[in-house]
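Across the two complexes that follow, chain A remains constant while its partner is chain B and subsequently chain C.
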Partner chain A sequence: MIEASNIRAGYGDGPDILQDISMTASAREIVTILGPNGCGKSTLLKTVAGFVRPRGGAIRINGEGAETVPIHEKVRHYGVGYVPQTDNVFRTMTVTENLLMGARDLSRDTRNERFEALMTQYPTLANKRRRKASALSGGERQILSLARALMAGPRILLLDEPSAGLSPAMMHDVFEAIGRIRDAQDMCILMVEQNAYEALSISDRAYVLSLGKVALTARSADLLNDPAMERLYLGGDPDA
Partner chain B sequence: MSDFLIHVSAVACLYGILALALNLQMGLSGLVNFGLIALFGCGTYGAAFAHLWGWPPLAGLALGLVFAALLGLFFARLGDRMSEDYWGIATLSLAEIMRLVFTNEQGLAGGAQGVSGLPVTFAALPADTAALARLALYAALLVVAFVICQRIARSGFGLSLKLMREEPQLARALGYDLARSRRIVMVVSSLMAAVSGFLYAHYLTFVGPEQLMSHETFLIWSMVIIGGIANNWGVVAGAILMQFALAYVPFVKDWFDVPSDFVAATRLIIVGGGILAFLIWRPKGIFPERIGGSHV
Partner chain C sequence: MIQFLFDTVIRALDLALIAVALSGVYSLIKFPNVALVQYSVTGAFLGMLLQQAGLPLLVALPLSAALVGLLAMLFNVLLFERLLEEGSAIALIGSLALSMILSAVFLLAFGPAAYRFDLPVAPAMRFMGARVTVHQLSTLAITLVSLGGFAAILFFTRLGREMRATATNCVLAAASGIGTRGVINATVFISGVLAALGGMTLAMRGSVSIDLGTQMLLPVFAAAILGGLGNALGAIAGALVISAAETFVTNTNFGPLFGQDFLFAPASYAQTASFALLVLFLLFRPAGLFTSEVNRV
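Right, the complex of A and B next:
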């Protein structure tokens, strides 16, 4: 469970990118973060993950103060898995190695079991398991990155645009998989997305950011059905 | 074996240890250290101070190792605060500061004159035997350093170093504590460099600030780049190759009867030109890093 309250954050001595953001995400819940380019979605995710230290406000994970806990400790302590928007694979390592990197603290048996399960689930990766990650397409890297996060069996998953660069069919698969792991593993999933319709249709709640502030928060279903919201934040309904 | 060949081989072994240390930092971990020579200097000056204060030579080794560990830790801490490129400049500056302090402080280990008259290793043996014994000692330590580096490269810890080199943000996101990895690798490699410096001091029997010139760092860089970045076999081969190439320059001068300036210029050309040529035509060196071998 993530609770962020009144978060202010930015980079170096630059301006506040996030200004007074409050949000929550619980176990067995998918929370989507929407908003225009550059509004601070990735920054919010990085702040929750622990790459960016907040200048003000509080981040509590499972009830514990976690503002200053660095990412590598959050991974071990709270089972945080983070899938970055860019630079998401180790290029000189093979697909298999990339996946195994995600499971450093697991027993050999659990690791192999999860590895095989993911190979069955993502045949694209299975077919290229001995290839170097640099030889994968953008969408394949995206899937590899997601699969690697799943290897560790995270309890909290932070996804930065997991569907970026995926074909419609693949995107559908990935969102379906994300919905499934929420239900099967009681996971708390915080996801930044541009494909608002697809994302809202699997998620429970959404926050719409604008210029570093929460412009709107609503249940995903309500947001999907609200024509005003569509025009304002989602760029109109393609079926209208 | 001729005395000269023994001499060149002995020095090549000491450079080999340095090249392995730089390879742990730069090759394996992506820590671009332009101040390696300062860590070597911890070893030479450890020997120098022990000699000045009348301590036994091995106390000088301990002193050098302590200096090196502290300086290595300091380098690592700097790395927590700045990006890689700035870190490279910072290490170069620190090494230069160290050299300038030793050059200008007359009261500190003889200033620019340095310290001479250190006991040569194995002084008690007859000269010929001593030379061979030194070579054997250095070669044995080179093997030890090599084995340590190989074990690190193949361990889970070595893997975290490679991940740090490749994609540090991502490595952190997978739970790797990179600040800790950097501290450990800096201390281990600094100790290796200091051992090399200590032995060098008791080989030349002299310690002075001109041994800490930054071109010495770049000579070691050339060994790593030419031999093969992140390949331990490669960097040892690079060290031996470069050391022999440089050692035989004076002979070439004699054969072709060219002026003495030629020697210094040619050394620079071999080091600088070697780095440049390899970076352009064979950036992975003679023995490229082996990748794809699973480490888990």
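Right, the complex of A and C next:
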């Protein structure tokens, strides 16, 4: 599980993008992060993943202090999987190679088993397994990126807008798949999303960020019935 | 004609080792490290000193290469990692500065004289009508083995896969559990080794003096850019083109063109050939000979 408390973070010597953010996400839980463009959602995910070092506050993963553990060690240690918002595939590699990159430390049997399972689940990828990732459409890349993260069998999954650029049918499939993973594999999933309605439908809790702070946190079901959702939908400031 | 091909290949392979090193590192750290040509000179001097200290050539060469590799890694950790945080332009300027400092150190230590490896005198042989020396053949062998070894690492080892993944997408590589900093330093080490070997093979067929680095800078850059900066194996093709042009300029008798019996361009015009090609390519094919996304390191 992830516990972030009083996180302050930013880039280089720039201003604090995250100001005093606290949040948690447990195993068998999907937590959605919502908020307008530029409010720091991706930055929060990058800080939890370990790409951005917090300037203050603490990040605990499974109870251990993890704010200075770099991402590649979090991957091995805690089974963290991360899907970035942009540039989310190895463009010069084929679909198959991309998936295998996600499974470098697995036994051959597990690897083949997962590979075939993902191929069955996402026929779009199966049909293009020998294609270079740079030749996929935006939505196909999005799927590939998610599948690559799943190849490693993560216990904690950080998803930055997994539904961006997907058709409604595909988006539905992906969200359904994410919901299934949580239940089948006791995964802890922290997900940034713009498609608030769909995301809230499958998630357990949500945080709404505004200007680097947590503006609102609630159970997803409650948020879905909240009149403030209307404004969230438009990406507005929930306090307005 | 055979002689032309042979001269071209020999020249190309000198360039290739250093250009491959330049391009390979560029693919990972996204700035061209100008100091690489000085690593070549360091390798040549060091190899010579080790030989003078009594080591057989077959020990001196790899030892010098390994030491230069370590030196390259040291500079990367102490200098370039920090400069890169400020951006690649700053790192480029830093590598220029390091290059000048190394040059000054060589001048202090060795003076302006040219030095030679202590090699047995070998008479030239004839091979299909071309004049070749044993030294040319042995340096050829060293270069081919080194380039082959590098390609094998790149395509058939775990490190090679990690290098290619890091070059393609550093963030995603880290998110796949690859320690990208270690991969980059390993690549920097290899680039130092290749550059040093390039400097030593050059010195084995001629001599080494402190301006060797400056002389190599332009053709090496031209070769790396022709091959598509960041495409390590493309740099070999780039080196072949550049050296064909250079050899053409210096080996062709331009006499008949001007109504004279013999007119050869001075050897210093060889640089003009690489420079002209470089400008043409930057104008018309800035991505190099191969525009499609081939396997970049």
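Criterion: the second predicted complex is superposed on the first by the 230 of 240 C-alpha atoms of A that agree within 3 Å, B and C clash if a C-alpha of one lies under 4 Å from a C-alpha of the other, contacts with A are read in each partner's own complex, and residues count from 1 in each chain.
Just so it is clear, contacts are C-beta pairs under 8 Å (C-beta built on N, C-alpha and C of every residue); 3 or more make two chains touch, one makes a residue touch a chain.
These numbers come from a predicted model, not from an experiment.
Undergrad: Should the pairing of chain B and chain C on chain A count as a clash or a fit in the superposition?
TA: Once chain A is superposed (C-alpha atoms), there is a clash between chain B and chain C.
Undergrad: Return first, second, both or neither, reflecting whether A:84 touches chain B, chain C, both chains, or no partner chain.
TA: both
Undergrad: First (chain B), second (chain C), both or neither: which does A:134 touch?
TA: Touch status of A:134: second partner only.
Undergrad: Should A:1 be classified as contacting the first partner (chain B), the second (chain C), both, or neither?
TA: A:1 contacts neither chain B nor chain C.
Undergrad: Report for A:104: first if it touches chain B alone, second if chain C alone, otherwise both or neither.
TA: In the superposition, A:104 contacts both chain B and chain C.
Undergrad: Give one of first, second, both or neither to describe whether A:96 is in contact with chain B, with chain C, with both, or with none.
TA: A:96: touches chain B, not chain C.
Undergrad: Quick one: classify A:51 as touching chain B (first), chain C (second), both or neither.
TA: both
Undergrad: Who does A:218 touch here: chain B (first), chain C (second), both, or neither?
TA: neither
Undergrad: When the two structures are overlaid on chain A, which partner does A:69 contact: first (chain B), second (chain C), both, or neither?
TA: neither
Undergrad: Output the chain A positions appearing in both contact lists, the one against chain B and the one against chain C.
TA: Of chain A, residues 49, 51, 70-73, 75-76, 81-82, 84, 87-93, 101-102, 104-105, 132, 148, 152 contact chain B in one complex and chain C in the other.
Undergrad: So in the complex, which bits of chain A are touching chain B?
TA: 49, 51, 70-73, 75-76, 81-82, 84, 87-94, 96-97, 100-102, 104-105, 130, 132, 148, 152
Undergrad: Residue numbers of chain C touching chain A in their complex, please.
TA: Against chain A, chain C makes touches at 158, 161, 164-165, 168-169, 171-180, 293-296.
Undergrad: Any idea which chain B residues touch chain A in the complex?
TA: Its residues touching chain A are 156, 159, 163, 166-167, 169-170, 172-178, 291-292, 294-296.
Undergrad: In their shared complex, at which residues does chain A touch chain C?
TA: Of all residues in chain A, those touching chain C are 49, 51, 70-73, 75-76, 81-84, 87-93, 101-102, 104-105, 132, 134, 148-149, 152.
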